[in-house]
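What follows is a set of structures to go through.
Two complexes are shown next, each including chain A; its partner changes from chain B in the first to chain C in the second.
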Partner chain A sequence: MEKETTRKGAGPLETPQGVVLHIADLRVVFHTYVGTVHALSGIDLDLREGKITGLAGETGCGKSVTAKAVMQLLPSTAEVLSGRILFGGEDLVRKTPSEMDAIRGKRIGMIFQNPRAALNPLFTVEEQLYFLLHRHEHLGRKEARKRSLALLEAVRMGGAKKRLRSYPFELSTGMCQRVMIAMGLACSPKLFIADEPTTGLDVTVQAQVLELFKHLVYEVGSTALLITHDLGVIAETSDYMGVMYGGRMVEFGTTEDLIEHTLHPYTQGLLRSSFTGEDDDELHYIPGVVPDLRRPPSGCVFEARCAVCVEECRVSVPDMIEVENGHRVACFQAGAAGIADGGKAGSTRGER
Partner chain B sequence: MRIGLLILRRLLLMIPVMVGVLVITFVIGRVIPADPVALLMGQENADEALVQQIRHDLGLDQPIWTQFYVYVRNITRGDFGMCWSTRNPVLDDLAVRLPATLELVIVSMIVCIVLAIPLGVYAAVKRDAFGDHVTRVASLVGVAVPGFWFGLLLIFFFYYYLRWAPPPMGRIGFRTTIVPVTGFNLIDSLLAGNLKAFGEVWAYLALPVAAVSLRKVAQLTRLVRSSMIEVLASDYIQTARAQGLRRSTINFRLGLKNGLLPPITQIGDMFGDLIGGAVVIELVFAWPGAGRWAVTSALAGDFGPIQAFVVICAAVRVLCFLVADILYAVIDPRIKY
Partner chain C sequence: MDHEILRVEKIRKSFTKRVLWRVEDVKAVNDVSFTVGKGTVFGLVGESGCGKTTTARCIAGLERPSGGEIIFQGDAIGHLNAKAFRPYRRRLQMVFQDPLDSLNPRYSVRSTIQEPLDIHMRLTRKDREARIQDILKLVGLRSELLSRYPHQLSSGQQQRVGIARAIICDPDLVLLDEPTASLDVSVRGRILELLLDLQERLGITYLLISHDLGTVHFVCYHTAVMYLGFIVEIGVTRDLFKHPQHPYTEALIGARPRLRGRTCGKERRVLIKGEIPSPMHLPSGCLFHPRCPQVMPICRERRPELVLCADDRMVACHLYGTPEDTRSVAEPTAGGEAAEA
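Take a look at the complex of A and B:
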């Protein structure tokens, strides 16, 4: 789809200090046979250098679309209505496909859910690493093999030498994800995006992979975006976290702040359903279903499922406002409903 | 080696298939014609003693099981019996005509593969763009149009109307002679260093090849397209895109290998299908091949040729399965053998 339309502002392309990726007012729709899906309705997100930022939210809230927009890998049915994605002084939204090809894999690495399907079944690990290393580092077969071996050792793959000659079907799922991580970090990218990297893995394997992920991101000096619907994963790995709902960012801050001083009722609900206390054998969940993004509500997206909503929530959309240094939330009732001892419980009016 | 094991197993599997084929051809030759002897002698002079003599000579007085045993035994020795109209051994007559058929079929096969794979990949990569729609409509038409009718259409336009093509009568003009060495005119004309004849052979091949391959090109294009579309939407291709690999690497080095797996089976089938399809086309173009010979003989009540033709076709088909299986196993490491 062409991306002509009313993209906001052609301001400076410098990212704020210490920020590797700066997403501002990103709006993405999908044109489908059953109508226009408003997948992202104005996302803001800053990824701090050298930090891991988690992105949480139920399935269908727009996490993957955000990642694909950064990679410019959206399908042709998608249209970016507005927004800027600044990376290294450039707006990725305005990049041509071939310009993006030089960035993808080299300066931004990405790995996906279901690592077994993400690897090509007909090529050995070595061949798949070779394609990547040849493309971006211009390595020949021999040098690529040496580098691949080092990479597999870096992701702590047992019997790395033998594994180079393995096909994906000969590896366990955990090993496949290690290979994916090795590929993602092969060119020491400035930014590393992991979309549900541990979903579907055994709990023990999941812990190992996360540990490895964390270790390597810090070691390589990369900046990471870790997408998952599992708050437990984010709590263990991320420095910052954002919570998305219905195509919007509803809360953002340090992981500690979000968990200790939760401000948004949705975050609160997610936390309750993820972490059940010792003496609490009730199964917590958030009643209701995610909104139909073909007809997004006119007020707050979470209003229909919110226990503390007021009249205002039905009519206007709350803006993200900063409550405490760096802790931002989009809720008129922020901090209400006995949500910990969160901040100043600010509530402001969004004008839209 | 492991691949040797695969080949051996498949060769063993050929045995029951070929036995089945032999039963069928035996039935065609011995049961369907009411009385082979009458056929051989003509209807009128039915001298009873002579009839009995011939019946005995042909082994027709033996029990049917014995006849089948002898039939199979003879075939394994390369003896397909006699062609009653020419009184030559069937195999000799076949050997003269088979190269004409094979030349037609092999060239068609190459044309199919060379056209269908790039077309299919192109349509998949340009999915829903104009070029894709053109390819899709064309291949749909190609699948629907009968080959013989397309052949007649080609003759009408390129021979009768435009006068570009040589007359649809055989493999080569009657003024040109090619010394038969292999029986393949393309090869023999080159062996003789006769480039003019070589060109003429191509001219005579063009229309029948087009008529034989049309349907198969269309089928294969459609299959390659749908298989490539699935591959290009797969997770592993998304990975390749996320790695910034070049479009050409993604489409051809990676995607094509995945995308060709399903069509390989069909390509294996194709050779057999082409031989079958060639029968009708040989009739349309007066092509002196084995298919036309088998059909015209059968119409004249002579079943030896068609028996031999069916056996050969079946053997070729099974061998093609084998080759396709081997190719598949070579490409796909997940196949256990």
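Take a look at the complex of A and C:
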């Protein structure tokens, strides 16, 4: 569990106490033929050791770009303008591709959205696990098979022995995702990134996969970053959560705080529009559209869609300020947001 | 029932699949029956592969059922050929799951929504133009989008075009196949609002197919839960969600991720084991028995039938009556009530 210390580097490269991954002021742009897209404009994120941190937001808000930047898997059109990604005392932004190869899969595991597309269709499950175990753990065929079998059993795959010889097309999507989780956790990585792990899975299978994910992350003693647009998934699974919008982090805190004492109007909008059939829902949505990140607004990114924006929001960008114990929000109107919103969010704040 | 618009009577659909020399039957839909009342929203939920889309495609005339009948406004339409089906197409439309895939990439928005008009209603150029402008206003699209192509639109706009195409000929019944599945939460809300608004204004009846229980709970008055091609439970949506009777419905509803409630302890979640069995080799007896937490010996042998177990609720489960019980009188009534919350 604690094989790797976070103290290899010294001084500025050291991550804060109890933090596995420290992202500071990360800015990423994409150079496309229709202009420069400002995908990430200054992201700060700390992943606490042994915890699951969820990252929520709508399509195009920069969740996946953040994950890909950590893995250094950004496409060639991307450019990291500034920022540091500190992991294990090293800055991942400055790593060479071959240095990253030694980290990916070994110290940082990742699972992707579409498990079927992420597995190689030409190789059996056993071979794919062998590549990984051979490369990072230097296991021979025999030991690799033993380990693979144990891994598949750990992800509760029925008939693990038979499944080792299966090709991805012979498996259901849920099983493919289990194989992905097994591969991600094969080398007991310090950090585990799951990018939309259950999107496209049926609810009953989703519940199983999430339960498994949670169980394994805690068991291996790993730290996880869970990216999803489904707030329900985050609420069920993660300890901390961050909400992103337009390439910025707008709110961060413990999952409970964010859901019960929401401060940012965007988070409130998201929460209210994701009705889950729990009680007598009303139809809510956030008016307007996501900003064009080729020309990011000069003020707050959410200003154009915000119900409580003031003159200040148009002019300057709000910083993330800590409201209370670890709950940070980037909004000038953080206090007022609930009042204008009325309803539940407002009343919870009244009591506090 | 004078209010009914669509009655599906024991439709079956099987596809043949060839595996080398073996020919196997995939039973996608088995003896599915339900009734949709005029002006209501009827929901069909279930996990992928349970036959909900196939059922809709049968109703829309895109597949021909292997057995059973579909009665639409008093006419049997289940086994018509393409030409005989044509007059019904105007009154029975479908909105598809993936908005981009269901639009012709080489048709501009104008061509897409004009095509059904040209086929079904011969209008003068002036009337046609007026109709197109009206519909655009109804679905909330700006008229400068008419010359755009699908890839130039956002996914919300694409779905609006899909809806415009479906409603431009004034249909009576619209089949919505996962209309919001690929949309962001905030866009999803707006599309649902649009659909409900259109229903109110134009008096359309919807058959909504979805695996998103939140949407179904919000929109549908009656809901049928499907599993492996069979309807396992059918009833008034709100009751169904509050007091699910069939263990599968219970598991499905319990598996939804919730925003609040994790803190309330571990009571939630009867996690069901395993995944859906292959429709090529259906389990014996009750289809759900390999995964069912309350399985009994009889479940392995006999397939339960849909029986009326409470007011307006039918369940196919041995927990609620044996096959000896007379098969209930009729399908639950999907009365004339509007479905809005």
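Annotations for the structure displayed:
The rule is simple: the second predicted complex is superposed on the first by the 319 of 352 C-alpha atoms of A that agree within 3 Å, B and C clash if a C-alpha of one lies under 4 Å from a C-alpha of the other, contacts with A are read in each partner's own complex, and residues count from 1 in each chain.
The rule is short, and it goes like this: a contact is a pair of C-beta atoms (placed from the backbone, for glycine too) under 8 Å apart; a residue touches a chain by one contact, two chains touch by 3 or more.
Treat the numbers as computed from the prediction; the structure is a model and nothing was measured.
Chain B and chain C, once both complexes are superposed via chain A, fit side by side. In the superposition on chain A, contact of A:His229 is made with chain C only, not with chain B.
Put chain B and chain C next to each other and count what each touches on chain A; the higher total goes to C. Legend: residue contacts after superposition of the two complexes on their common chain; A:Ile259 is shown touching chain C, with no touch to chain B. Contacts of A:Tyr285 after superposition on the shared chain: chain C is touched, whereas chain B is not. Once the two complexes are laid over each other on the shared chain, residue contacts for A:Gly269 go to chain C alone; chain B is not touched.
When the two complexes are overlaid on their common chain A, residue A:Gln206 makes contact with chain C while staying clear of chain B. Of the two partner chains, chain B is the only one touched by A:Asp101; chain C is not. Judged by the touch definition given at the top, the superposed model places A:Phe169 against chain B, while chain C stays out of reach. Superposition on the common chain places the nearest Cα atoms of chain B and chain C 5 Å from each other.
Shared contact residues of chain A, touching chain B in one structure and chain C in the other, are absent.
Residue ranges of chain A in contact with chain C, taken from their complex: 58-59, 158, 172, 174-175, 202-208, 210-211, 229-233, 235-236, 256, 259-260, 269-271, 273-278, 280-286, 289.
Taken together, the chain A residues at the contact with chain B in this complex read 71, 73, 100-106, 109-110, 112, 114, 117-123, 131-132, 135-136, 167, 169, 180, 183.
Against chain A, in their complex, chain C makes its touches with residues 47-48, 154, 184-190, 192-193, 196, 211, 213-214, 216-218, 241, 251-263, 269, 271-276, 341.
Residue ranges on chain B touching chain A, taken from their complex, read 234-247, 249, 253-254, 257-258, 261, 331-334.
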